[in-house]
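As written, the chains take the letters A, B, C, D and E, and residue 1 is the first residue of each chain.
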Amino acid sequence: MKNFELQHIQRRKRSNRIMHILFLFSTMIGIVTLGILLVQIIAKGSGWISLDFFTHFSSRFPEKSGIKAAFFGTLWLMLITAPLTFIIGVSTAIYLEEYAKNTWLSRFIQTNISNLAGVPSVVYGLLGLTIFVRLFDLGRSLISGALTMTLLVLPVIIVAARESLKAVPNHQRNASLALGANPWQTILRVVLPSAMPGILTGSILSLSRAIGETAPLIVVGAASYIAFVPNSLFSDFTAMPIQIYSWAGRPEESFGQLAAAGIIVLLIMLLGMNLIAIMLRNKYQRS
Amino acid sequence: MNAFKRKKNWYSSDRVMPKVLLGFSLISILTTFAIVFILLKESITFFSSVSVYDFFTGLKWEPLFAEPKFGVVPLILGTVMITFFSSIVALPVGLGSAIYLSEYAPDRVRTIVKPILEILAGIPTIVYGFFALTFVTPILQKIIPSTEVFNALSASIVVGIMIIPMISSLSEDAMMAVPRALRNGAYAVGSTKLEVAIKVVVPAALSGIIASFVLGLSRAVGETMIVALAAGLQPRISFNPLESIETLTAYIVQVSAGDIQYGSVEYLSIYAVGITLFAITLGMNLLANYISSKFREDYGG
Amino acid sequence: GSSSDSSNGSLSGTIRVDGSSTVFPISQAIAEEFMAKNSGVQVTVGESGTGGGFKKLIAGEIEIADASREIKKPKDGIASEAGKETELELLQAKGEEPLSFPIAFDGITLVINKKNTFATEMTVDELKKIWQKDSTVKNWSDVRAGWPNEEIKLYGPGTASGTFDFFTKAINGVEKESRADYTQSEDDNVLVKGVQGDEFSLGYFGFAYYEENKDKLTAVKVKLDDATAAVEPSIDSIKSGAYKPLSRKLFVYTTKNALKKPEVKAFLQYYNSPDAQKLIDFVKSIHLPAEDYEANLKLLQ
Amino acid sequence: MIDIQSLDLFYGEFHALKNVSMFLPEKSITAFIGPSGCGKSTLLRTLNRMNDMIKTVKIKGTVTIHGNNIYEPEVNVELLRKRVGMVFQQPNPFPKSIYDNVAYGPRIHGTKKKSELDDIVEKSLRDAALWDEVKGDLKKSAYGLSGGQQQRLCIARALAVNPEVLLMDEPTSALDPISTLKIEELIQQLKEKYTIVIVTHNMQQAGRVSDQTAFFLNGEMVEFSETDTIFSNPVDQRTEDYVTGRFG
Amino acid sequence: MIDIQSLDLFYGEFHALKNVSMFLPEKSITAFIGPSGCGKSTLLRTLNRMNDMIKTVKIKGTVTIHGNNIYEPEVNVELLRKRVGMVFQQPNPFPKSIYDNVAYGPRIHGTKKKSELDDIVEKSLRDAALWDEVKGDLKKSAYGLSGGQQQRLCIARALAVNPEVLLMDEPTSALDPISTLKIEELIQQLKEKYTIVIVTHNMQQAGRVSDQTAFFLNGEMVEFSETDTIFSNPVDQRTEDYVTGRFG
């Protein structure tokens, strides 16, 4: 073997090793940051997590404060937002990727969607306030908050779902169509299952965003202090990030620690919520 | 009579679903219209007091002082700066970890690490804001002592970190969807993993990668709390990321959560700022569309 | 017998309170105790800013607005042009009449770093020299001869806050007239951190934040002029009115119609009861002299 | 039964089929032969309108099956494709289990009963000469099969919907001789019930199985007649050159 | 030159190659034949360690090339694969232009000069019998080619890095007879410089091109000897059954 060729390959292998380390390092940046954040938050807040923390409402006494209202508020919010986001988001993606011809309408919809991704969340708050609270007269209720959140996180799931639909190889569609399946059957039974991992990633990312957003809910009118659990779609509500925000803004150190405890609970909720999606994604990706 | 012409019932899923799906797609248009309408309606009132020309060319943004000045340029500059620096952090790091996860990491590592990274997307932004302020900024100040308490760099770094999962997860999905056969073709001529990743997988997954970049950057442009907390509220024309600045979004949240009277000119300025931001993201998206249509490679065949 | 009214367990309904985040802890504490006594009533308290509170009061979405300033009225009683009405006019346009209840003091506190041992007291004139519009003060030595020739790092609340409005009026004489080149944050905890980490800094924010961080910061004693004695901000000095000119009143507002609801009336009666004064002190605001509450209660009849 | 009349097909500007006319009688086997890129697959796809999927395609002329023009506007393509089955040049199983791959078609067309599906799956797999190799684990992913096994699976999948016409695009190019022989036998059997069109590069195969053969060159149908005639006594010089391997 | 010694290969639990030993002399053509699923592709992939890509694979035994065990831990697989080229059963061009597909290998191995690349691309395309069809538009996407054209492109891509050994997994199964013949001629030519291993289902092809032939069944190598011997005078009954088509 010619010597220079060996050297060249060695050089390529070296750059591969170096980049391997850099790529690993990139991955570590996220993980390490998360680690630091978690250590800080847990160090600050874990002492406040107890059963009482879940069964009490917020209070002027830090030691009597709990997150019951916020916990259930967020739970409700997610129970409404998750299916709405999924259905509307995936439907839109399917329409654009599988049905829409390259018309001005579909291009217009696409531009709209990526544009909406950059609209700041406060503006969605103003939107929710104007449309849902005032125009539809839903009041400053759970449903207003959930609908606002849905609109806020839709672009993420739509874009993610579109890209993964796009990546489904055409020969799979052809195989189905050649058997006499109509386009809808093909989408439902062949394309969607193949695209599922990416769609689920989109769901995870968009719901992650929904669970951590504060500003739009405040603008829509969610209160910081509520001492009851919502009992209908039209109930007043508060949510975890609002409670955390409110505590974090208080002068007393102990409220700051409560905020950290709230964050821990929020992250556990987030993880719990994502778990199903993560498991499904792993399952679909394996096949 | 043509035997193949069997009429489909109007209610057959095949005929109904496209319409239903189109209906759902229109929600995004309606949302945009509603947003534009809301922003525009109030902006018009605002622009009856402040000239459009002054607004877009003015170099001083002091809307809440006794003699208000409404020149939006400093805010635009702040937003551009945050977006720029956060993308310097997020794009390479996000893409790097996507490549690591899809091409290098063993399956088990990937299935564990990916969800861990995704947690980063769900951390409330105020947590990030304080993280920037109390962790990143002090480190920056150790390295460069002239760093201000509030500075664009610290906020940018943390915004960048926040959007990493968006970029890494979506890009990784796109790369995972590249058929094995393509990788095999590259390996079989003696490619290293790096070459397979960079020369075959990334180009084949480019559409998805660009989409993730656009989403990530949009998030950076629209990010509010981190910037408001860590970058300060100091609108100024500066290209120094170690100084405090103010972004369009930070101004909107500052005023909308503040004590200003609704309906006053100062208050209405947030709508004008909102419209400006909207125009910026629109421009960015059109640019991204143009870029991705130029570089897109299809492998659907 | 206001307290006996408010402990009437047969009341029911919902009371929504929203507005200033400075007043929020007080309203929350009152609400908590009020609900303990009236299990049939649900009170919610929000903190979307004074402006937000008034807006919601005008829209009829809440019964009580927390405010860190008075409701905006047309200057000199001359009605504003259409589209630019003040909060009062907007409320009146709805056929409503606001009722204003001062409920606590907030002493705006100037703070310096613990290491700063020279600037422990200042006159209003000196403060004005520092904070006025286009101020030329750069270093401490520019303020008073003999002070170190070190740059003053200034910290203060965002320009959208009621604190800013009040401080500028009290020190500079004109509301919202201020130098612009100081480090702003809407989050007082952040200001605390800023001053704490910066040896030659000067900042101002609400008394509660100083009270909670006494061990980390030094409060500047303020004197009206060279002739009077310097007064340190404290619960007593604010309550007695000796801490001048930086103590302001906080308010709650309701409307005539909202007050027709017995639970709202009972809530406000409780707000002005002697029990409530303890709660106000508990959350590190400072209750008003008893006469003020009596006047409020009279208004409620 | 299948009547192609002056068919022209364009991929954008590219003229891929030029004025093709032919008649394929019922229950016959027709082979398309010709060099790579001559348009065999393209023509095959016009018979079940799979070309609809390619956006740039433009078609002129008519294709009628049992006297029904399949390119009329209101034709139900799903019905058409159920009756005109297709096996592709490259195996394209779904990322599903073997069972679900075969059961896919019947399920789409409304068969729900488990026992009925089981029967169809077994019969189709047997017909496609795959049953013995996979009967042990029908739940296994189709992607775990070898290339040849995957192709036979795709044939089974096409048979499962019980078509009238079967279009096969080089169905045995990935198969070993035994499976090939089995498929060829199967094709002969199917002929009793079905009309079959097969694209093949294998002259022997064309000779063995088909009743008539069409030879294509650059999108043109050069010659179309009885298979024997094509191979032993072609009219066109180019056909002769091709089938005797003297071409090019 | 290539020496396989007691090679066992497992996909997880599945024993796909059973104690295979064989010696492939330099500059010879070896054909692997056997029914679908017998392990031909699997064995082929062990020769350039493409099996490394499949996570479940476990290998026992040795493969030495020029006396170097390619399964030793420190083996440079990139170099190995450059020297042992491969063409797959299914065409797998990159989503790039024709030119970039062929130039891919030379580029990563350090050829930068445009003129040099141009030469390599032209030569490789000519060798793969594709040049005349594509020379007009080398910038065209490889996905616009027909199946057969794509496969020839993949052969050109493999030739472009100038390998010593060429592994071909049914390289002509998607080709028409003319291209097949060209490829077969090419293989014969390449033999002068390269060692070639070819998997094929086509007995005639094996007979035409190969010097020796190995027959596999269920992961076992049943017989391996001169091609003539295998086809005219096999030792094992199963081989005879298979090559005469009496099998199964």
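Just so we're on the same page, contacts are C-beta pairs under 8 Å (C-beta built on N, C-alpha and C of every residue); 3 or more make two chains touch, one makes a residue touch a chain.
Computed from a predicted structure; not experimentally measured.
Asker: Starting at chain C, how many touching-chain steps does it take at least to reach chain E?
Answerer: 2
Asker: Looking at every pair of chains, which has the largest contact count?
Answerer: Of all chain pairs, the one joined by the most C-beta contacts is A-B.
Asker: I'd like to verify one number: the distance from the centre of chain A to the centre of chain E, where each centre is the average of its C-alpha atoms, in whole angstrom.
Answerer: Taking the average C-alpha coordinate of chain A and of chain E, the gap between them is 48 Å.
Asker: From the C-alpha centre of chain A to that of chain C, how far is it in Å?
Answerer: Taking the average C-alpha coordinate of chain A and of chain C, the gap between them is 37 Å.
Asker: Which positions in chain A touch two or more other chains at once?
Answerer: Within chain A, the residues that touch at least two other chains are 9, 12-13, 170-171, 182, 185, 218-219, 248.
Asker: I need the residues of chain B touching at least two other chains; which ones are they?
Answerer: Within chain B, the residues that touch at least two other chains are 14, 179, 190, 192, 195, 256-257, 299, 301.
Asker: By residue number and range, which residues of chain C touch two or more other chains?
Answerer: Touching at least two other chains: 21, 48, 52, 187.
Asker: With touch defined as at the top, which chains are paired up in contact here?
Answerer: Pairs satisfying the touch definition: A-B, A-C, A-D, A-E, B-C, B-D, B-E, D-E.
Asker: Applying the document's contact rule, which stretches of chain D touch chain B when the two form their complex?
Answerer: Going by the criterion above, the answer is residues 65-66, 68-70, 72, 74-76, 78-80.
Asker: Under the touch definition given earlier, write down the residues of chain E that touch chain A in their complex.
Answerer: Residues in contact with chain A: 76, 78-79, 82-83, 108-110.
Asker: So in the complex, the part of chain C that touches chain A is made up of which residues?
Answerer: Touch residues, chain C against chain A: 14, 16-18, 21, 24-25, 27-29, 31-32, 35, 42-48, 52, 56, 59, 61, 187-189, 206, 208-209, 211-213, 279, 282-284.
Asker: So in the complex, which bits of chain A are touching chain C?
Answerer: Touching chain C from chain A are residues 58-60, 133-134, 139-140, 218-219, 221-228, 236, 238, 246, 248-253, 256.
Asker: Would you mind writing out the residues of chain B in touch with chain E in their complex?
Answerer: 106-107, 179-192, 195, 199-200, 203-204, 297-299, 301
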